[in-house]
Amino acid sequence: MRMDLNVDCGESFGAWTLGDDATVLRHVTSANIACGGHAGDPNVMRCTLRLCRDLGVSAGAHPGYPDLQGFGRRALPLAPDEIANSVLVQLGALEALARAEGVKLAHVKPHGALYTRAAADREIADAIAGAVAVFDRRLILVGLAGSQLIEAGRAAGLHVAREAFVDRAYEVDGSLRARHLPGALIDDVARGVAQALSIALRGEVLSWDGARVRLQADTLCIHGDTPGAAARAAQLRRALEEAGVGVSPLPALYV
Amino acid sequence: MRMDLNVDCGESFGAWTLGDDATVLRHVTSANIACGGHAGDPNVMRCTLRLCRDLGVSAGAHPGYPDLQGFGRRALPLAPDEIANSVLVQLGALEALARAEGVKLAHVKPHGALYTRAAADREIADAIAGAVAVFDRRLILVGLAGSQLIEAGRAAGLHVAREAFVDRAYEVDGSLRARHLPGALIDDVARGVAQALSIALRGEVLSWDGARVRLQADTLCIHGDTPGAAARAAQLRRALEEAGVGVSPLPALYV
Amino acid sequence: MRMDLNVDCGESFGAWTLGDDATVLRHVTSANIACGGHAGDPNVMRCTLRLCRDLGVSAGAHPGYPDLQGFGRRALPLAPDEIANSVLVQLGALEALARAEGVKLAHVKPHGALYTRAAADREIADAIAGAVAVFDRRLILVGLAGSQLIEAGRAAGLHVAREAFVDRAYEVDGSLRARHLPGALIDDVARGVAQALSIALRGEVLSWDGARVRLQADTLCIHGDTPGAAARAAQLRRALEEAGVGVSPLPALYV
Amino acid sequence: MRMDLNVDCGESFGAWTLGDDATVLRHVTSANIACGGHAGDPNVMRCTLRLCRDLGVSAGAHPGYPDLQGFGRRALPLAPDEIANSVLVQLGALEALARAEGVKLAHVKPHGALYTRAAADREIADAIAGAVAVFDRRLILVGLAGSQLIEAGRAAGLHVAREAFVDRAYEVDGSLRARHLPGALIDDVARGVAQALSIALRGEVLSWDGARVRLQADTLCIHGDTPGAAARAAQLRRALEEAGVGVSPLPALYV
């Protein structure tokens, strides 16, 4: 039993700081680093890579729609080949800085609206998976467990990692319950930990209305930009380790 | 006796077209492709790489100050490490798309104000050369013949290519005569061809005021955005070949 | 019988030139000037205002989705209040430069995807009309004849100008025939002139399949970025004037 | 005896928040609102205008070099007319949103590197003052006391407001002591208050090395982005009021 803990980071830009990377990265095993599309600039990207290296966190790319003002949360009307090209330049940009810092990128996880679209739209999922495959097929593609992106990654011959959430409720069909619906968010830390343990130990989760749902996941998403994020991440990690789950970065899955 | 002919290209952006790449690229051996810093977007970059591949032109990166509105012609007040980071993301972006098109990048030539600053300022030259070396030390660094960038490239252990101009006059000390001074520009095609032959065959050039100046160069810059550029490039190439100069891309220099 | 001829202009950006404003503006009565959203930068905007003033062309604002790379041709997922705010800053930006050049803006015509969305979506149309009304209710709002934008403008208490096209075919219901359908484009100049005369003199147009369609319009759109645009505009203007149509700018409609 | 207290605000952008405007604005009389050049987007700008209106704070424009990544802290190599055009579009953008919120702009204060350059370089100062004058000559131009910008504003026929600092030490010649020199920053709140009182009551300040320096100022700069900024602003305001200084917005100076 193994589980990766991943967090989005490197989402500052110029004079604007977002999140407290130096703290939260101490409690996770994988870092999704913004690549200048939705956030991050070359200097922020490089500092974040250095931080990952110094903290021993596995670094990955976090490409998003190229939209700083919208922070990648708006689905831009891009054709699949335009999405592929945008993902490629973001991967290349981060990887170039990673070479300069002696860091080897391990994974790719799309951000925001690109993540959501890639979960539901196979054409977009294929565009992203194809871009990753042509860029470096050793990269692990991270997507929502059960989503089109996981399918597209497998079809492209990539290693994939299925992501689950500890602070979001699930529907009976295994999809995430939409944010605006009642019961969608799990604020209670103990309930979040219980959900994480259920996923890691039994490969299942209780849906928001109490049904057992099969949910196999390789990595859990930690949100780093909320108050108390680091403490919650530490608590979650401890609970997993005490239950005998090996908390280790994504590449350990595919050794 | 060998000489490379290089041209800037891929300088369109979105709906805006600049230059006629498809025509002028037929007459040169090396293409300097804009990387999204001063021009180019991911789609333009990819199309330009494909064009180079299809025409058999050796492709290289043309990073510039990140300044679309200024087209990289304004020297931004960036620290050397910021310049290095900007060059790295531009190299990485282009190289990622090059992988997708099965193209191997051969060289790097800074653009506009970055080229000019790197010629005169050793700290900036070192930042660029260091970025190229850490990214891929097989890349050939192109800079003004006799400039700081050539020195910095050699010091960084890179192959370098010394660039000369056929439509610009030289001073006695081997520097380019400043554009705004009388006699700085060589509009006459025959004079430009004569200057190219003198450089290629004898490693020298006549300064604007008639003195013999030693000038060893590996590549000649072709300006593609002027009317009649393609015809002039063809004429120059023919003249070089008839004089026994092997017109061949940069990598041939270091075989 | 009066008719305005309008053309999009000021769509250059930095080093990139689009269209030949100085030529085509000689043949029209109203200029829609890009405001930095989809095209135009402060320097281009100011030069274009000066050109309008010197040529005696009535100047208006041409706000678009804030998307340089997409040239405003992509409908961004903006909420109506975000659209209103974007339109306001674009109007304000152009108007500030207009003060500096002693130019009084006369109209507002949305660009590209914003024009199309505002024609069909009343909420977006209301957002735009509301922004114009709060900015300056003397501005004339230009929209597709028969569209939601015209309705929204009237509801907001604005003067409106209904736009028709001479190089596009119409459906029986008075809507524009979609570009990708056969017969959508009118390439033949004589047919375009005939359509313009029919609109100006009889307030009707023949649909692509030959039916009479009522179409009242105050202004005809001239496309300036096609080869021969200026000559065609001149021919159209002459034909209208010879038929007794007073070709005059939009403000003349509301004197 | 009157004194205005001004603070920079509206410097968030998209998902990035900077400063705590809602708190610090309660303690000042004038707000310098970012205009989309160095910070601010149309939505942030409008929210900030509304906040000023609701809190009864006098609103002004805070134009900067158009450089989001550099936050306007880098002096871009723009010609004076380009600076004027950039200032004009920023003023126009903010003023358009101000109309929508029923706010009348009262002043203009350049930001960051533009403020610093305008203090020392008369050509840049004239470009800014000229832009303000042509845009709306009722706007009060705020600049460093004793600087070129104040001179330029007077020469352009504008009302001006001379700014002084409570957390920065002065040289004997009345200039600000450069940040990197020892003794440049006044961290101690009591010393800052004492400096403010000295300026407001006696029109003088003690230089860092203890000499009396004449310093007439109309407004004091409050830095809102440091921890405890609101509390310090409140303390400063109370001290001024208790000493009989009328703390009132800039327009009160010119009634």
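For clarity, chains are labelled A, B, C and D in written order, and residue numbers in each chain start from 1.
Everything that follows uses one rule, which is that contacts are C-beta pairs under 8 Å (C-beta built on N, C-alpha and C of every residue); 3 or more make two chains touch, one makes a residue touch a chain.
Predicted model only: the values in this text are computed from it and were never measured.
Enquirer: Which angle of rotation, from 0 to 180°, maps the CA atoms of subunit A onto the equivalent atoms of subunit B, to the nearest 5?
Expert: That pair's rotation angle lands at 180 degrees.
Enquirer: Looking at C-D and B-C, which pair shares more C-beta contacts?
Expert: When the contacts at C-D and B-C are counted, C-D has more.
Enquirer: Among the chains, which is located farthest from subunit A on the basis of C-alpha centroids?
Expert: In terms of C-alpha centroids, the chain at the greatest distance from subunit A is C.
Enquirer: Just give me the whole-number Å value for how far the CA centre of subunit C lies from that of subunit D.
Expert: Chain centroid spacing, subunit C to subunit D, equals 40 Å.
Enquirer: Measuring from the mean C-alpha position of subunit B to the mean C-alpha position of subunit C, what distance in angstrom results?
Expert: 42
Enquirer: Going through subunit C residue by residue, note those that touch at least 2 other chains and give them in order.
Expert: Correct list: 69.
Enquirer: Can you tell me which positions in subunit D touch subunit B when the two form their complex?
Expert: 66, 69, 74-78
Enquirer: Quick check on the complex: what are the subunit A residues that touch subunit B?
Expert: Going by the criterion above, the answer is residues 36, 42-43, 45-46, 81-82, 84-86, 88-97, 99-100, 131, 134-135.
Enquirer: Which subunit D residues qualify as touching subunit A in the complex?
Expert: Residues 12-18, 39, 41, 68-71, 73 of subunit D touch subunit A in their complex.
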